[in-house]
Amino acid sequence: MRLAAECEILFEASEPTPVIFMLRPRSGEGQWVVAETYLLEPSVSVTEYTDTFGNLCQRLVVPVGAFRLHTTACVEAAAEIDVYPGAPFVPIQHLPEEVLRFLLPSRYCQSDQIGNLALEIVGDAEPGYDQVEAIRHWIQTHVDYQYGTSDASTSALDTAQSHVGVCRDFAHLGIALCRSLNIPARMVVGYLYQLDPMDLHAWFEAYVGDRAESPTVGRWYTFDATQKEPRGNRIAIAYGCDATDVALSTQFGAMQLLEMKVAVEALEEEINIKVRDSLLSDP
Amino acid sequence: MRLAAECEILFEASEPTPVIFMLRPRSGEGQWVVAETYLLEPSVSVTEYTDTFGNLCQRLVVPVGAFRLHTTACVEAAAEIDVYPGAPFVPIQHLPEEVLRFLLPSRYCQSDQIGNLALEIVGDAEPGYDQVEAIRHWIQTHVDYQYGTSDASTSALDTAQSHVGVCRDFAHLGIALCRSLNIPARMVVGYLYQLDPMDLHAWFEAYVGDRAESPTVGRWYTFDATQKEPRGNRIAIAYGCDATDVALSTQFGAMQLLEMKVAVEALEEEINIKVRDSLLSDP
Amino acid sequence: MRLAAECEILFEASEPTPVIFMLRPRSGEGQWVVAETYLLEPSVSVTEYTDTFGNLCQRLVVPVGAFRLHTTACVEAAAEIDVYPGAPFVPIQHLPEEVLRFLLPSRYCQSDQIGNLALEIVGDAEPGYDQVEAIRHWIQTHVDYQYGTSDASTSALDTAQSHVGVCRDFAHLGIALCRSLNIPARMVVGYLYQLDPMDLHAWFEAYVGDRAESPTVGRWYTFDATQKEPRGNRIAIAYGCDATDVALSTQFGAMQLLEMKVAVEALEEEINIKVRDSLLSDP
Amino acid sequence: MRLAAECEILFEASEPTPVIFMLRPRSGEGQWVVAETYLLEPSVSVTEYTDTFGNLCQRLVVPVGAFRLHTTACVEAAAEIDVYPGAPFVPIQHLPEEVLRFLLPSRYCQSDQIGNLALEIVGDAEPGYDQVEAIRHWIQTHVDYQYGTSDASTSALDTAQSHVGVCRDFAHLGIALCRSLNIPARMVVGYLYQLDPMDLHAWFEAYVGDRAESPTVGRWYTFDATQKEPRGNRIAIAYGCDATDVALSTQFGAMQLLEMKVAVEALEEEINIKVRDSLLSDP
């Protein structure tokens, strides 16, 4: 489905504030960025670079005063996510090198401390996809989604105890539980069509077998513990080990976020995307 | 200056043809992509990746029949390029690691064979920027710009002999001559505002000293041997050792390019960039 | 000084155990590996790769039974570490891209939770090197070095409260405090000559100004909160955000470490390093 | 087989000469470096880095006067190379991203100019391994191995015409022919046990199907057009597009190579590798 996503953030800085934004979705295996815009007001000098996860990061210094960031993206996204019950566990020795880092504990996903809970949850589910789905389902049914119950320091261990949180906490818990079973898991932030209430969203991916017949080949699958059913129409903006790596805005100074608006709409018909009237059009 | 660039290419494939396009400019040190669109007709599955030069590459299989690619980019570009007569040569041992590859000969830039010509051209110019400018000026005044005089196999050695070519040949010759003097040089393809006749363009960059007082610190400078005077308002699309690395389209099969149109315009006033009517706008 | 370091580890695996070792020091800016050996008994197939920090990692599956790993390295190391009181803080916007990740909180270094303690410790020290030294000194004088007081789950927050730990905990606390002040800090594991008792060691590095006159250029400096005085003669084996990234052995299964021996000696005279009698020597 | 390889080079520099050496084999999929030594006389400061091909490169400035480089490596190498007649061609769209660069023409492998010869050579061989073997065999039987018939500027096109050259030329020709058929091919330099006369050696690898049943999965195979039969016992030192990338020594100045000696021996019994008498040995 072709989706139009939009994010607008207003900041107020009392001093020049270095900041790293991660708000430019990349085209990749699962999505194609047909069009995008990225506006900063006032206009400032920006450097863009790629981090070790492949995310496009925008570095800049927010000047004193009001600052507005406005991004849109028109993206061809998969209407459904792939599900594959029974997909096998990929033995560690067969994981691609770039996947190994997603086995390690991280700031918010202390997988080294949560193994017992994971074993309890997965019971005798088959190693691999079914374990991840058991984890996802357990979170979905045992953790309450409530705004204001967690903050920037809340970790998977906290959520395992409090049984309450928001999408970010759901994802952290899912990731920590997977990794404790030696299943690589990573955090994704992005847009989800028809999320209610609309906001930027977070979910997780787990790396398990791609094809039953070749148990050494794996791939990433999408899991979202905030949803009852598998849902597609997602636009991934950034990937990382946890929220540390995928913060849409990492600021170094006393800048305030005043307001943030997010919208995602389906583009039912082929729209006419243009920066301006076509330069090439016939007269 | 804010530029709107547009490129439209029509292909005709008689069999499914794997292809790699490089047609998505990246935001970076010198330019900011405010908006871009990338349309393929018919729509096909695309994978985007980053090559070892940092270019965004689009992989896909062009289906049988007519195929249209249409990209636009609205970019904040520098109105003038930096010139720095007297900028010193950066000793090899102080070059950053990622710059070293641009010292080596490559397919079209046989720097190992062209040292004598380089020494003759630069005469007693000071090592560094002044040598590169001497090279650029020599090419500009000694090589004739003529369409149809070179082809995909023409190299810097050929052009050094024929004294005729197009922008790509001018760049190759400049690069080969610089490298033979141990000055890192790389190829750039992109858009140049008010190029006449309008087309995609190629030029080169050389790496020499940034600040006279610290002779070990360097940076890339833009050189364009097709132009009499330094000109800004450029949008870089891809960087590489030579044309091999920065082909806008690398195809593996019998696909024909039927037509290609390029346009670049200045956006004098702050335009209202939008994918569609703002999703966030108040009713 | 030329150092000979040696590490021998005996494992016992009750089932085939995938493991990642990080036990091959790399030559780099500060050290030169003159010779090294890396023996595994029994011999098994190993794949070596480079992680995102540049560390050489060895992947293998430890077979059932006893397993012995024995590595030696003969390294030209700096006899003294650089100290630079007054070296300035490098503003975030001038940090190299690859350094930015060392500003973020990580599994054992919750820099987002420890800012108040950092401010208290540094008092009115000048931003930069002097702050890091104040942190290092505070840890050295306020935290007791005691074996057995911490374990694999102990984090900087724990140590800030308990005031007791080992080299790993000292490093984590130093790193977390630095990052909370927006000073990039990273963990190093390696060898330290004349460490008493001898063992593998951990310390940290902080990124502050290189030259007072150019406040935007920085470099890494070595800090070791376990030592009273600056000490050189170190061999770095691995770098990372914290202990998660630089584990000498990351195992995925029930393998037991039976014994570990470490030795470091100075090689006072030029030794005759050879794999065997020189193949090239005249008879 | 366990091999001991040794390389000794004597240089004489009349001025300080920046140089990049590539003389440290890496452990990897196919080989395990059990021990290695790397001596420079006189001792100088060296920086080691990894290039975009994964090779370890040593940067240094050779001082005025005599300079000696002596490296040894004790390596567990495969006694036989894998051959797989009938291994299929991997369609371009299924090649891993990091393999794509090996499809492009390069300084010494003008694959864009040699397609007709390739088609003639391969005849109706099955696309994939059999084509590469046809190419290898053609070179082996049609090109004469003669020292002194080629130099640093000799390219695959030259060799295709002259039908004479050395190992480097044989490899370049093989690579160019493979690429012209859209088969990724890369250059390898290293040691070959029992090469006669002994010297550093060059050969090539081609990327074709790994398993007949999954035609989209490929791997690198070794081909050596200088040899009549497939031969193992190789130690790879460096990989690249052609000789440009894998020069064991790339120098920037007037340094002379005075002498070079190479030796490779089999280590029949388990040798006692040590830097010195074991530091850990019991008294």
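As written, the chains take the letters A, B, C and D, and residue 1 is the first residue of each chain.
We adopt the following convention: a contact is a pair of C-beta atoms (placed from the backbone, for glycine too) under 8 Å apart; a residue touches a chain by one contact, two chains touch by 3 or more.
Just so it is clear, the structure is predicted and the values come from calculations on it, not from any experiment.
The chains that touch chain C as well as chain D do not exist here; no chain meets both.
Taking the mean Cα position of each chain as its centre, B sits at the greatest distance from chain C. At the interface between chain A and chain B, two copies of one sequence, more than half of the residue numbers in use are shared by both copies. Chain A and chain B have centres, each the mean of its CA atoms, that are 34 Å apart.
A straight line joining the Cα centres of chain A and chain D is 42 Å long. Across the assembly, chain C contributes residues 49 that each touch 2 or more other chains. In summary, the structure contains touching chain pairs A-B, A-C, B-D, C-D.
For chain A in complex with chain B, the touching residues are 4, 6, 8, 24, 26-29, 32-39, 43, 45-50, 54, 56, 58, 72-74, 76, 261, 263-265, 267, 271, 273-276, 278-280. Put simply, chain C touches chain A in their complex at residues 18, 20, 49, 51-52, 59-61, 91-93, 97, 100-101, 103-107, 110, 112-113, 152-153, 182, 244-245, 250, 252.
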